[in-house]
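Here the structure is laid out as structure tokens; the discussion comes afterwards.
Labels run A, B, C and D following the written order; every chain starts at residue 1.
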Amino acid sequence: MKVQDFKWKKGITVKEMVGSFKHLGFQSIELSRASEVIVKMKKNNAKVFLTFTSNMVTSGLRGFFAQIIKLGMADVIVTTVGGLEEDIMKGIGEKFEIGKFEADDVELHEQGVNRVGNLYINTEAYMNFEDYINPILHKLYLKKKRWTCSDLFKEIGLMLEDEDSILYQAARKDVPIFCPAITDGAFGFHLYLFQQNHPDFIVDVVQDFGKILLCTSHDEKKGVIALGGSISKHHAILCTLLNGGAEYAVYMTTAHKTSGSMSGATTNEAKSWGKVKDDSDIATVIGDVTFTFPLAMINALEELDEEGLL
Amino acid sequence: MKVQDFKWKKGITVKEMVGSFKHLGFQSIELSRASEVIVKMKKNNAKVFLTFTSNMVTSGLRGFFAQIIKLGMADVIVTTVGGLEEDIMKGIGEKFEIGKFEADDVELHEQGVNRVGNLYINTEAYMNFEDYINPILHKLYLKKKRWTCSDLFKEIGLMLEDEDSILYQAARKDVPIFCPAITDGAFGFHLYLFQQNHPDFIVDVVQDFGKILLCTSHDEKKGVIALGGSISKHHAILCTLLNGGAEYAVYMTTAHKTSGSMSGATTNEAKSWGKVKDDSDIATVIGDVTFTFPLAMINALEELDEEGLL
Amino acid sequence: MKVQDFKWKKGITVKEMVGSFKHLGFQSIELSRASEVIVKMKKNNAKVFLTFTSNMVTSGLRGFFAQIIKLGMADVIVTTVGGLEEDIMKGIGEKFEIGKFEADDVELHEQGVNRVGNLYINTEAYMNFEDYINPILHKLYLKKKRWTCSDLFKEIGLMLEDEDSILYQAARKDVPIFCPAITDGAFGFHLYLFQQNHPDFIVDVVQDFGKILLCTSHDEKKGVIALGGSISKHHAILCTLLNGGAEYAVYMTTAHKTSGSMSGATTNEAKSWGKVKDDSDIATVIGDVTFTFPLAMINALEELDEEGLL
Amino acid sequence: MKVQDFKWKKGITVKEMVGSFKHLGFQSIELSRASEVIVKMKKNNAKVFLTFTSNMVTSGLRGFFAQIIKLGMADVIVTTVGGLEEDIMKGIGEKFEIGKFEADDVELHEQGVNRVGNLYINTEAYMNFEDYINPILHKLYLKKKRWTCSDLFKEIGLMLEDEDSILYQAARKDVPIFCPAITDGAFGFHLYLFQQNHPDFIVDVVQDFGKILLCTSHDEKKGVIALGGSISKHHAILCTLLNGGAEYAVYMTTAHKTSGSMSGATTNEAKSWGKVKDDSDIATVIGDVTFTFPLAMINALEELDEEGLL
């Protein structure tokens, strides 16, 4: 493939732009490759594991994740609990604010504002979350005493009324949401308070490991789309590995492999799983997921739509 | 403080070098500041939360973490399960190999070798881990059916016989080890298999949230030393936040704040917790933890030792 | 401004997408801000300094830079010599190849292939460049003996016949191209060989400093769009500084400010120049320029075009 | 080589610490490898090209660079002009201040303070530089009209009286200093003003290219130690390439290869030069040079000193 000079034409679409990336160097071509791998996953009926970290839900990609689930582009979700809390907050009407990385944090604190990068969340949002989640925990407890995280989140999803919610769409499409560190957030605090008064209430993370393990098999083709790092990415890789390895892998991250972290681990290691043989089935894109993921995924959606596969 | 030209003198010690960093720009001065904050934590009797990710245990910092616990420099540990698995593997004699970032992953796979950055772990190590952990799970199950992660790891630590082990030293010093995503690793798989035959075996992560919450209080001074990001860092911050915020914070990472991730979040946010008012009590150091942490911590240890505070 | 959930609609244009970025966190909003600053520069008739490094020309953005110059969006160019060599190579028919970051470099060397990231340039291209440039140096030498770099590149631009060439468009639009390290490339080698036989041939970099200094003034509004770092960025900032500081600044880079490098320096320093008072006139975007720049610039071009300002 | 648990012992030296890095993963082992390559360069009598960017001189590594030159560890220097200006400023008594990355830039501007990362330089320093450099330019002009940059800096070095000065030590040890973009700084401005009144004053960068080219040969062994990126690194690589390629290469940087920049280019490309065959002769270390370089170089100095080779 030759490098070709990129040029603007009036009204250029995202699909046309990502099409041009096939002929541009550095991360553009990698992004174009990632988009092709996503198309392949779908065409080959792979079970798709989509993983993301909480900050991506904070960022406003939440509606896009919900849309992707609705369109059948993700079969299993793995994420951290903060993002699910925020999905619920937004689902009950909370709004987040766009701010500045260089804000005065002492001043923000006095105003009851919590900063996540250049985004602000009011402390009030956490109080509203508490008011919303507590009656739900009571309701679920009446049903049974011992819950897996994925069942718990499915029930909550069924109660939400917001089409832009990840939990709402996942519940309706029967896409399980795994959250291996369910206590690492405000949700954990409320679970703890609830358990104080209901000592037989149990969140069974071990049972949930069985659920993610059995949600696919050695025989099925598997694909991983990992956005960011953390346990979300690791958990999906671990599950596909125990099922013989994924055939397709797309990693999008700002981390680099040089410090040996999970966030920075590349798709090349997918080869060491022993199933991926072909370079055309893996791609790693370095860059902020708030633009790399929409670019790659939209191009894939447009292609699949044109071929009647959406 | 003026910039002063750095110079080598024969036989220079780490303490002398980090002392010079006080007069060097960019990350050197930040590293020197981090070291001072660690000294302050100790002098002011703060409860110290030390968090790290699995890859740091893989790297060989394991023995240093164990030593730090033994020396009373860490009161609470938060980490991911992979590192604890490897602590056990090494504790029963396993050796890891130093390799190359640019290895041939297909070839490694054929040899049964798993790559983590430029380190190699034999698949055999995981089999030996399985053989070791299963009888322990049986033994613990006989004691009781419902375990918190921290209790579980304390029991394992008491069984180990390796002074360089994190679990061994933590158990003996009564330093709790929290691991909010205990199933996210080989350990999770073995817990799952065990539960298949013992359905009443429960790992109670909700109860453990209460344990970390109550391991300190609003009245106590608190310090966080967070190495890398992930849920380890987030969990320690969450716990200190619910106890009124930490007075001291040192973050060491290769991630940047620009993508809004937990790994890249700076200590400035500690100010938004409302307790840290003074810039001299927080420090963020960007760089590979395998050298930034030993440099900063050794300097702190030497200073405390000189003052008879170790 | 509130965060709004991003969603795909069929056939979405780049302008619509970047429009959505106004409501997304992390680098998306910064990219959207950068686009607005570019629009402002143009609307306020600022003199625009566009700087880029050689690898961006290699990447295939070359045609886009040429188009931008043709459209009157850049008034002064500052760059490194490697990119200008490649602009000429491509102008005389050379094609570069898209390859792999993880290529076998020993093998590539045997094939006479030079790697720049995931792009390949044949050694032959450098030979053809030599054959092309030598007669030109003779021709120019006959005109006069002492040349500034900017004059030299203007003459070469006038000889090229390729509308996608940066030099071609700049020469025709009378946009000066400054190259403060003109000898740092194959071009330097050929200048040296030529001077061996023509000792009175002089490239006068000092005189060129006067040219960039006088290409604007204290009274004129000035804007800097710096892609990547290096001396290109520094030289443009230096020139605008000596002319009282730039009113507008957009920096796009993968480097971070934490190591004190020019590549990672942020637009906040523009405030220390004393002219930029308003946060809405500066923006720093972290990410691979091969996609951040097209996204931000295309959005600006579409907006200006709609308002009849292109 | 096996991973070995790192541990502190009281009074540990830098040499002992870097020795331990041989058994630690990620960037520690790479740093240890870099140190070994530096020792090899020296033992095999390679001509050593040391390159650095201006910010490293600002940082306080200046005295260390001067010491290294004095010890005969660098035979050729390539750098950017800002660092040489600062070397002179410090040589005539200027002091820089250690500050904060998050400073209030508007306030700094009002105080006449210029920020470089977390370092501050007073505007006054630039005025004192002007007062110092102008009489020197007059003196040199009387000697001859046409100067290469390397000759110019040698003359200035001979006039300085500061043993911690790079220019001072290089002049005395006859180590040439190349500076391919000599006008990219305050120095360029003063050269320009001087030329206004002395139009026959010429800085001949083309002739200097010949000087760097001929300062080594195909027959001589060559080593490159490149700190940071920019034209300094590129120029040294270009020169060794035209002389058949370097046998040894150590790159230390915070940039990554993923964007195709010179700053992030790895030593693997050294293999594509066709001379380096052995992995043990190249090393790339990712991290802030203010600590990676002292660690690696001090270990090399101690080793060479022990063997009587310093």
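The rule is short, and it goes like this: contacts are C-beta pairs under 8 Å (C-beta built on N, C-alpha and C of every residue); 3 or more make two chains touch, one makes a residue touch a chain.
Computed from a predicted structure; not experimentally measured.
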| item | value |
| --- | --- |
| Furthest chain, CA centroid comparison against chain D | A |
| Chain A-chain B separation of Cα centroids, rounded to whole Å | 26 |
| Where chain B and chain D are represented by their mean Cα positions, the distance between them in whole Å | 36 |
| Whole-Å gap separating chain B and chain C, where each centre is the average of the chain's CA atoms | 44 |
| Residues of chain A whose C-beta touches two or more other chains | 25-27, 55, 58-59, 102, 116-119, 256, 258-260, 268, 286, 288 |
| Contact graph of the chains (line, ring, star, complete, other) | complete |
| Complex contact set, residues of chain B against chain D | 1-8, 10-15, 17, 21, 23-31, 55, 58-64, 66-67, 90, 95-98, 100, 102, 116-119, 164, 268, 279, 286-288, 290-292, 294-295, 297-298, 301-302, 305 |
| Chain C - residues contacting chain D, complex | 53-55, 58-59, 80, 82, 101, 105-106, 108-109, 113-119, 146, 180-185, 188-189, 191-192, 195-196, 201-210, 213, 228-231, 234-235, 238, 242, 254-265, 268-269, 271-274, 277, 288-289 |
| For the chain C and chain B complex, residues of the former touching the latter | 25-27, 102, 256, 258-260, 286 |
